[in-house]
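The next part holds the structures, each set out as structure tokens.
What follows is chain A paired twice: with chain B in the first complex and chain C in the second.
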Partner chain A sequence: MAAGPPTVFGHPTEQLADLYSSCPSRHYQVTQLLALFGQNNHLSCPRVFLYGPTGSGKSHVISSILNTLKLPHALVNCVECYTSRLLYDHILNQVALVTPAPDNDYTNYSRCDNMNDFVKTLRTVIEDRELQEETMYIVLDKAERLREMDMNILPAFLRLGELTGCNVCVVLLTEIVWEKFRAGTGMCEPLVLHFPDYTKDELLEILSSDCPTGYTKDFYMSYINIVLSVFYMACRNLNEIRHLALLNFPKFCEPIKKGEATEEDVHKLWRNIEPHLRKALQTVYLREVSSAQWERMQEEAATQESSSANIKTLTGKVNMELPFYSKFLLIAAYLASYNPARTDRRFFLKHAGKMKKTVQQMKRDERASSQLLGPKPFPLDRLMAIFYSIVEGKVAPTANIYSQISSLVTLRLMTQVGSDDQLDGAKFKCTVGLDFMRSIARTVNFDIIRYLYDFV
Partner chain B sequence: VRVDEMMPNIPKTPRQRKEPMGVLEQARARLHVSAVPESLPCRELEFGNIYSFVEGRLLDGTGGCMYISGVPGTGKTATVHEVLRCLQEEVDDSNLPEFQFVEINGMKLTDPHQAHSQILKALTGQKATPEHAAEILDKRFNTPAPRRESTVLLVDELDLLWTRKQSVMYNLFDWPTRPQAKLIVLAIANTMDLPERMMMNRVSSRLGLTRMTFQPYTFRQLQEIVMSRMKGLQAFEDDAIQLAARKVAAVSGDARRALDICRRATELAELAKTPGRKSAALVNMTHVDTAVQEMFSSPKIMAIRHASLQEQLFLKAVVAEFRRSGLEEATFLQVSQQHECLCRLDGVSVPTMSQLSGVCSTLGASRLLLVEAGKSDLSQRVRLNVSQDDVMYALRDTSQS
Partner chain C sequence: MSKRKSTGSAAMSEGACYSELQRVLRERVYKISAPCDVAGENDLDKPRRHLLDLIQRCSSMGESNSALIIGPRGAGKTMLLSSVLAELKENRDFRDNVLEVHLNGLLQTDDRIALKEITRQLQLENVVGNRVFGSFADNLAFLLEALKKGSRDSQAVLFVLEEFDLFAHHKNQTLLYNLFDVAQSQQAPITVIGLTCRLDVIELLEKRVKSRFSHRQIHLFNSLTFDQYLRVFRSLLVLPAEFRDKKFCGKWNKHVESLSDDPGVTSILRKLYDTSKDIRTLKMFLMLPVARICPSHPRLEMSDFVEAHKILTADSKSNTLHGLSVLELCLVVAMRRLSDVFVNQPFNFQMVYNEYQKFVQTRSYAVQSFDRPVVLKAFEHLQQMELVRAAEGAGIGGRGQKEFRPMLLMIDKSQLMQAIQKYPACPTEVKHWANTL
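On to the complex of A and B.
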């Protein structure tokens, strides 16, 4: 045995200790990857496929292995590379250690238009850097985008080692399973590794590592426990929970600052924070209130004691200012979309028969309620007929009225179905929800529920 | 720099090629497709027709077109080349006026318009863009030149010179009609009705009605071709040649195929040589039969027989699902349910969906199945690329053994 510091796979143990501490709760995956990669001069596994849900640490683990152990690598996000040429350029720049900057006029390492050029250039770059003896790692993040590029890109990347004749390891990171990457013509099967979701304990361990200064670790742990008890059912994404935990921590500490409680009064603190967190789940988590707004509200609540009930949420703002006739046109469009045409006589003619559903009709409607099935297209004539029957007074069919229809289409409140003809026989659909429609109808004192077939 | 150094050349091989030694080696050298004989057997009539056509035009100093068709391997190009070689001999004996021979092949052109450049280069040595070359050629064939010699133009693979406007074809058949052109065009293609099917009326009318069709070889003709190559060499039993000829004539009548089978049979005979004897035995029926089997048998049944257990079960599941639904297409989900049933019946462990998707994609990659991309996982549609009977035939044998 050679004398010297103890190593694992040729890496000094201090580096490995750093690596393991920077990837908490991913000990197994890190060991697995290290074993696959082997020593730097070993021929490593030529293609690795890592998949797991969002925020399960795929990119973090790979980039910390490559950076901590100082392995030669290129790390590319496929979303940024929307053409294959960008993808080649990014990889070659990183492999050749070239950064497009002002002093080199933002030039890339070399011009590469197709896979053939890329393979040739990659080989020369590796030879120029004298890295033939080492493994070159090419990490493609968000690899599902590769499927939408040219047909040859994904199969060629999976065989990059064979094609270049160099020791290249291609790592694909993605959220979807390998089966969905397969094309009809077959390709090399990579080694598939899974990153599972963090468990509750693992989340607790990771989150407790960013304890703010001035508080004890146990105190922060108890806070994280409460946060997890509220959010874990809905969300297991590490980033999301971490964000929510940091956002709501000042509120949790409020009673202590005011002197109403101490760090040991767990129950009191829980009673204080729990409803607040439940509200956060409905507002901040759904992004109906932005984080900045939420923080501002917390500050105001602390100073003025005003309740945070009067929050203006994003989806709450549904009252849109429309012209008078536009409102009626939209109501008419909604009624035309959600009512069957055969019932129009009963709803909109003065002396129609009784409005009563037969048992047979009831049964049929239960099967296919139009509120569930979505809007149906209607012709312009029917829209105008309903419009004239619901609007009060005489309205001339001026150009103004017809232009309001097309402006409703541009506002995406209606859509035109089948763009075969603009003028003759155009069909439309109404694309607004019932809540929005009811608030519009309320402003013109029109009881829309009475006219909807599903609610009669 | 000398001129011949600038000519494109292939580096010389260091060793001289060996002369064929044994009887079978000599037979192989003679049976090679590239060893075209001096005169083609069984094509005397066609030879005479083409010869008299070209000779007449050369003697009259006029131009004309001839369309030659026939399935691959019936000796079209070889016959035309033989005609031109004989004519050249006549010219050397001063029985005929001199002529220039130009040959283009549609398959060797990257773009149909390149034909213009190629013809110009062969005629005058000039290099020009296709458009410019067409202009120069047009001028050349339009202007009277009393001392100009005739030109024989051979256009092989004519169907690939098709363009939307058909300008290349039009030019090729229009130039011979000019009084001063003295151009004789011999056009070769595979389909008999190409002028009616692909060409516009004004192109096909200029092509004219001088047509010739090369019929596929009958088994007697194929036998004669092989026998003529084997003249003076005792390598084959007569029945062996007859078997090869009959088998090929039944399928395509392609002489290249017959020669290939005979060559393969000589190789098999060489392999089967008993070590004690000095010279190998003659090629007999069994060798030819094996060669025919190798060339004509379908590889798909072999592939199914050598597939893994789960792959075979998957194919069975596909067939079972087709029989159940009566359709020729099924979704992956439906097939996987059948597959699970078959596994349970056979007592094989049931694979997971991921493993089964892998099985499906390997079968798709080897083209036994036609599958969609894996993007539409459970609803991807699966179709068979072989007939259901072939699958059952291939799998019945394996289950019995």
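On to the complex of A and C.
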């Protein structure tokens, strides 16, 4: 009976060995899943819900189980399938082994508009392929998107086994906990399994596997240790850390290439790379500098000895050329948003006297500072009043001025609040930061700090 | 001779034995509507007889009826119905005389689809293969015509509507109205059985639909005592008498008996019973232990049950917190502080950042201070994990700045404290800071 190579759950052991080696540090989870799936001709666990943080290997583990063991499956990403129809089509195509290609005029297996058709078609496909005995795996990645589709889709997928009468196993992968999926009158509860994040040691082990050729593993491990010391506090995502590690490795090796240090000179290498990595945390990690740009900069720095400080980042320079009156309108909008209306008198009238804050007031203001709470909406009249009091010279309220207000809204420098009324009684909010505002105010020689209530 | 042969075959196929065992047990544990016989016999007996009688009358006497089976999820509604149908189908008369139509509120999401499905399942004349032709109006008229033409002597139709409450959300409740109307008037004999988990389902029906419904309700509740619960546990694991290898079967059943007497196992089952009485949870609890049985792991061990119970009762939010970075954890603590100070008031990123800054400046020695954009990225990650959600009335989409969007924290204080206790290598300052909450 047991002729041939030894098997576990009906799978040859070589395949299992491959599987375990392709999923490092996930031995427990793979075993658990394999046990639940069982032999292919047995009934498998009908619904599994896997959750875990980003980059904890959920999709990787599932897809390598399915691909290595060659189990019949459909693997769908719910972000791509943004309508239910696409979702059905993708699943049926994969189950029926149909790929839309030029030679079949990009046709799908069949046209399927609703869950009813889908269930029926799925059953016939499984019967056509003569897979009634085997388990069909349907994996829905980023399953949190299913909640935004029709109400019936998630409960129906969770009962797919009973509805089709076939041996179907539905696996949901997501980052979000199961409690947030429950809706309506409830549904069949899936078996909830957790993929924990990788520990520091596991991360080290995984990252050490992509050591570049020409360097020893220990050397690369010591580098990874330094990378983790900088990034680990802020970021646990394996993909991100791996990307950053590979990106900055040439810089780490630079002293060795130049002959200033040897591989054993750990301290020197550390001193060289650490500020560089900190810089990377502030730029590349936030995608203010693209990875290609960062690599180019490293090369330039290596040749010309120029520091990597003078980088033109995506966000660093907020410089916007605006017309003169637009600038003043924006300043007025900022003041109207961030100052309470009761202080307008004091700021913009000539003989209003000085404002004094009592200790009590100051304490209260600290809590309710608008720099903390954000901008408040203001009516158009107030904006215009402040505008006239800060702008020099006589400005007629022409159509031009008003159209500039609406173009500031389309530029998203201001937003309209409560868009129920377009013409009368419209309220606005100013949505720019203080730094941007200060640079605008400087170009028109206006000291904005002096007019802000929070800074008095 | 024959005896030797049987022992010989058992010795040969130890693997086959376990494979067979897996097949049998999986069939029971992994199918939610698989019947389990001992489930509160006396409680199910009355509704079962009621239902049996109701359906039988339709087939034998041509009576039209309607009934609703109501009970919480996992109470065995589908199981009850299918076992009743299975019993009735043994009778040849019933098989010839009754047509079944199964509808499910999850699949037939509107009346048009439901109507096509009915026409298809009844194999009426406008069905070719698996396709149904004609418009909604045509189909409805055709179906009603077919039902009206019938008299008491014609074939009876049994309609089973699962997720009945979803059918009540269809426009004008056309389908329900027509079904109940046919059941009410002297036409072809039909029986409408609805299955739902909503106790207030009658209130969902329109007045005209409600008046045509017979108000026959069958309630099913999970009312197992703990002894019955233990019996169910045993019956789920015991191998049937027709198992091929008798010796193995006997050994296994003895093992199951000893398990259900084990005080460790019963205490875990007791805990499970106290959280939920339904059998579905019990089945879910058994999923992993059953899957583990194989020649190298031939017995169900205590550790299997402990692990399964841990998985079933794990607090998923604490698990999620476990996977956060130190910076994100700091932000969660800061947000918890803010939610404590301003009770039930939403906060924004700016306030969280201020709180974090205060912490870093006054207490932190080892925790590095991060720049504002890095902190914002961490904050957005928390939002993506849905540990933080936008408060109601906050501008959705591109409106407003993300720093000032009002937010609410979705984590309880005790969850946070528990997570911090378990967090690997949590910096001491963060621990202290959290303790001052």
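Heads up, the rule we're going with is that the second predicted complex is superposed on the first by the 450 of 456 C-alpha atoms of A that agree within 3 Å, B and C clash if a C-alpha of one lies under 4 Å from a C-alpha of the other, contacts with A are read in each partner's own complex, and residues count from 1 in each chain.
Going forward, contacts are C-beta pairs under 8 Å (C-beta built on N, C-alpha and C of every residue); 3 or more make two chains touch, one makes a residue touch a chain.
Fair warning: this is a prediction, and the values are worked out from it, not measured in the lab.
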{"item": "First, second, both or neither for A:431, with chain B first and chain C second", "value": "second"}
{"item": "Most chain A residues touched (candidates chain B, chain C)", "value": "C"}
{"item": "Contacts of A:79 with chain B and chain C, given as first, second, both or neither", "value": "neither"}
{"item": "Touched partner set for A:147, first chain B, second chain C, both or neither", "value": "first"}
{"item": "Partner chain(s) touched by A:281 [first = chain B, second = chain C, both, neither]", "value": "second"}
{"item": "Touched partner set for A:349, first chain B, second chain C, both or neither", "value": "neither"}
{"item": "Partner chain(s) touched by A:191 [first = chain B, second = chain C, both, neither]", "value": "second"}
{"item": "Touched partner set for A:177, first chain B, second chain C, both or neither", "value": "both"}
{"item": "Partner chain(s) touched by A:38 [first = chain B, second = chain C, both, neither]", "value": "second"}
{"item": "Interface residues of chain A shared between complexes with chain B and chain C", "value": "177-180, 185-186, 189"}
{"item": "Chain C residues touching chain A - in the complex, by the definition given at the top", "value": "12-13, 15-16, 19, 22-23, 26-27, 30-33, 73, 104-109, 113, 117, 130, 165-166, 197-198, 280-281, 284, 287-288, 291-292, 294, 311, 314, 316-317, 319-320, 322-327, 348, 350-351, 354, 367-368, 370-371, 373-374, 377-378, 381, 384-386, 395, 398-401, 403-404, 424-425"}
{"item": "Residue ranges of chain B in contact with chain A within the complex", "value": "353-354, 357-358, 361-362, 364-366, 370-375, 377"}
{"item": "For the chain A and chain C complex, residues of the former touching the latter", "value": "1-2, 8-9, 32, 35-36, 38-39, 42-46, 51-54, 56, 114-116, 119-120, 124, 144, 150, 152, 155-156, 159, 161-163, 175-180, 185-189, 191-194, 196-197, 199-200, 232-236, 281-282, 285-286, 288, 315, 371-375, 412, 415, 429, 431, 433"}
{"item": "Contact set on chain A toward chain B in their complex", "value": "147, 177-186, 189"}
